[in-house]
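What follows is a pair of complexes built around chain A, which joins chain B in one and chain C in the other.
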Partner chain A sequence: MTMRAALRAYPTLLRVGLAEAVAYRAEMLVWMLTTTMPLVSLALWHAVAESGPIGRFGPRELTSYFLAGLIVRQVTSSWVVWEMNQEIRTGTLSLRLLRPIHPLLGYSAENLAALPIRGALSLPVALAMLFLGGSEGVSRFLDDPTLVPMLIAALVGAWLITFLLMCAIGALGFFMESSSSVFEVYLGLFFALSGYLFPLEFLAARAPWVMGATRALPFYYQLGFPIELMLGLLDRRAALRGLAIEWAYVAFFYLLATRLWRLGMRRFGAYGA
Partner chain B sequence: MNSGGSSATVEVEHLTKIYRVHKRPPGLAAAMKSLLRRRYEEVRAVDDLSLSIAPGERVGFLGPNGAGKTTTLKVLSGLLHPTAGKVRVAGHVPQERQAAFLKRITLVMGQKQQLLWDLPPSETFALNRAVYDIPRVQFEETLEELTRLLEIGEVVGKPTRQLSLGERMKCELAAALLHRPEVLFLDEPTIGLDVSMQLTVREFVRRYNERFGATVMLTSHYMDDVAALCPRVVVIDQGKLRYDGGLAELVRTRRPEKRAVVGFERPVVRAELEESLGGMGRVVEHSDGKAVIQVRQSDLKAALAMVLARFPVADLTVEDPPLEEVMRELFAGEKPR
Partner chain C sequence: MRRYLRLFFVQLRTSLTTGMQYRWEFLIDGLMALFWAAMALLPLWVLAGTGREVEGWTHPEMIVVLGWFVVLKGLLDGAVNPSLMAVVEHIRKGTLDFVLLKPADAQFLVSTARFDPWKMVDLPAGGAILVYAFSLLGRAPDAAHIAAALLLLVAASLVLYSLWILVVSAAFFVVRLDNLAFLFMSIYDFARWPVSIFKGAMRLVFTFVIPLAIMTTYPARALLGKLAPAVVAVVFLGAIGFMIVARLVWVRAIGRYTSASS
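Take a look at the complex of A and B:
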């Protein structure tokens, strides 16, 4: 299918994906709850920060950080690895392969289609809390409109890294019996190194080299970077450098995922279907 | 657009497909051992298979379970890469999975469905219209025709999960044919359906073939499907070709006998009947008022004349032996050629 034909088909894929997402109401709610961990982290770190700020982060800054984290998680999450694993193992991937559109495009539409609902249900609460908190970061963000396009680019990049990285892990299912164990390893690294459990700046005093390493790894660009951009914690130069690294990772994971897919297709057994 | 001047829609030359399968005995010890050292074994699912199907042909693809039928269909539809050999379908190399190829074929699997489970079939139809890039007018025309032929107007708006198996299969067929494919690979399309629904699906496939000149390759465990739809059959076993030719010829060569089903006005003793037949045939079924006699084709007239002359015949029909029996014998007896 040509790219033009794929683009013509994409709105319908999104519409049908949204209809499916609405059909799976209970499942959707449970999945959304799994991305509310930042609220737990917020409660913990809030308690710690009450006895004195940690670096730049007092209780108010921490509130902003984790609520922004909740927003970024909601709008950049993807669950394609589970679907790919299941479909490769059971052979139901065959049904996707028979359609004249690349299966990764189909998966992307299904994942993106659910985002409006996730956003609609979670954003108002988080935004209201952010504004009521009167965080300096928020006002700085609103005062500088040039941050808007950068933030959009950072969020799109974060989603693409997450989606493509999951596609790459999912495609490992062609080579091993299940790639979900690899995904568990990824998840551990993501939690530790993305800024999910705590702002990575906390590492600056005690383990500066670890913090330096996080800037070179992809996980920070999936979460910590868009949060910091959203809260105005980065100057223009740091933001542009971050975007360049983030999009380089997008390109890298695109090549990795598509390469693994092509190699994996040769090994696909289409068992059971 | 076929290559090499060939007019065949499906061309298979020396196709071989080998699976590498992890093998371990049952039990915890074997499971632990397999963590350290895995044993793999090669399974030759398709072995040096060659065949050719002309445009518009309806071919029954037969064989016992595990014969390699589904594997072959998956190779032909581009889902599997062949281990060796050449395959071309509608002028394309299937495993390249070009969009132009996928738009010209369809694979319907009776055991798997493409319909979106929680949404009405109409949503799957809309999705297929988009991904197959079907012009709206053609889509509406085709959908209208398929809806009429399959009688699914009432059900396309209900969630798929609430449909009966037969309704689902009819909608599945509609979804698979919306893009008017030229080549239909049908893998057990009537499995689990009741007799009347089998008949509907069969009739529909025949009409589609006649209306669009589509090439049909069908696997089915229901021999009635094959007998009703496929003038030609390809039989494989253990991945090897065992027979390729006319269905009637297969039956004639494997089982040259005919069967006479005779109804009697009053009970007839089996031994008397057998004795009268002499060497011409034998009684294969017998009850008080009915007998089934198997007779060589050459002796049919004489045997029937004898039965009519000596016994109180109320009713008489002559038929071929059941196809199931012919197949059972074929799979059990003959070595791969």
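Take a look at the complex of A and C:
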């Protein structure tokens, strides 16, 4: 399968994926509503900040932070690990292998195709954020025209890290009974170290070295980094450094996922086939 | 009554023997439960670093609420969730016929059909969190307060169970429901903080409509000795009322069941 043929097929795959996403829109809406964790966290920290801001975060900043978190989580989400797990276990992966396109590309098309709908459904959240966060948000983007491309690069990077990491974990399913407990550990670490439960700066008072470590781990670049970029909490240098680390992680997880996939392919017996 | 009690133990034993087959799963699930309990403590640990009180709740008192949250999650995951997920599957496939044909109450049968004993690791984990909280407070709770808290725990389980029955009753009307279960779980996440951090409409909703306050905040306050006995009684009666409503809805909903081929 040449690269050119894959590129030609990709738009069609996206269209098929989009049609599927539209067909199951109600279900998708319910899935999206299950992302309540940023709101749960917001409730706590908002109540705390009412007696005075925590660091640079007052109640308003916290509202913006967690709503931004909700949006980032929605537009960078992927569910490929469950799909791979199921297909490897039941052997239906064989169907995917028959297609003349790399299965990981196929998965990526399915996941990407859901983005327009997810994006559209998070639009109200974005509007609420702009409304609650005041006009500084808009003017910041107008003042610094490089902010928009950097934010897009950060979001794309965040999605790629999430997707590729999930592919790598999913590919572990070739070697183990079920990779879902590995995934659960990943999820726990993601919750703790990505800025999902609280802005990572809050760790500075409690455990500065953990905060330092989060900058070196991939989780921050999946969520906290795009949020902070969006809210203008990072200066230009920190933003560029963050982007560099983020994309280094994209490359690393790309290599890891494809390598694990190749190794796993050799072991795949397509049960019952 | 005796017959139902015996039936209950038979069902429980079947679940246990099934569960015994997956010893590895027990180990992994158990470790996972501890891991998630630690994760749940994390925000409070960070909060303690700022040294603030939240709406009059001190750090150890908030940990008490979280302890109840974990305990109840254990009940939900281990005793309530598995059975009711199985009913949703029955309704979708039409195999509920086999349950309805049996000479016992259908609600009883479906509610006791499956227990995941391993998922109940959360119960001791939640207990440990409660002990830890009281060691921070530097005192032991009164016997009377413990009794009140346990009474409220029973009420909370009843409310939780009734909410589930209502959700399952909805499955007779809309069929595809497995993700509604997840939705419920994510709403339950709001119960990990004391209800007083919510303002206005949110607090009303979480007290009366989806009574999360009854599930974690009230037992915690009872255990801390901050709840009047009259409130305990009212909550308990309210829970029983709620269960009766759920029962009536179930009876109506099951009338709508149309089996597989129709």
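Just so it is clear, the second predicted complex is superposed on the first by the 257 of 273 C-alpha atoms of A that agree within 3 Å, B and C clash if a C-alpha of one lies under 4 Å from a C-alpha of the other, contacts with A are read in each partner's own complex, and residues count from 1 in each chain.
The rule we apply is simple: contacts are C-beta pairs under 8 Å (C-beta built on N, C-alpha and C of every residue); 3 or more make two chains touch, one makes a residue touch a chain.
Bear in mind that the values here come from a model prediction, so they are computed numbers and not experimental data.
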{"item": "Partner chain(s) touched by A:Val185 [first = chain B, second = chain C, both, neither]", "value": "second"}
{"item": "First (chain B), second (chain C), both or neither touched by A:Arg206", "value": "second"}
{"item": "First (chain B), second (chain C), both or neither touched by A:Leu33", "value": "second"}
{"item": "Contacts of A:Phe198 with chain B and chain C, given as first, second, both or neither", "value": "second"}
{"item": "Touched partner set for A:Ser41, first chain B, second chain C, both or neither", "value": "second"}
{"item": "Touching both chain C and chain B, counted on chain A across the two superposed complexes", "value": "none"}
{"item": "Chain A - residues contacting chain C, complex", "value": "27, 30-31, 33-37, 39-41, 43-44, 46-48, 51, 54, 181, 184-185, 188, 191-192, 197-198, 202-203, 205-206"}
{"item": "Complex contacts: residues of chain A adjacent to chain B", "value": "1-2, 5, 8-9, 11-13, 15-16, 19-20, 23-24, 91-92, 94-95, 97-101, 106, 177, 265-266, 268-270, 273"}
{"item": "Chain C residues within the chain A interface of the complex", "value": "28, 32, 35-36, 39, 42-43, 45-50, 52-55, 176, 179-180, 182-183, 185-187, 189-190, 192-193, 197-198, 202"}
{"item": "Of chain B, residues touching chain A in the complex", "value": "19, 22, 74, 77-81, 97, 99-100, 102-103, 106-107, 109, 111-114, 116, 118-119, 123, 126-133, 159"}
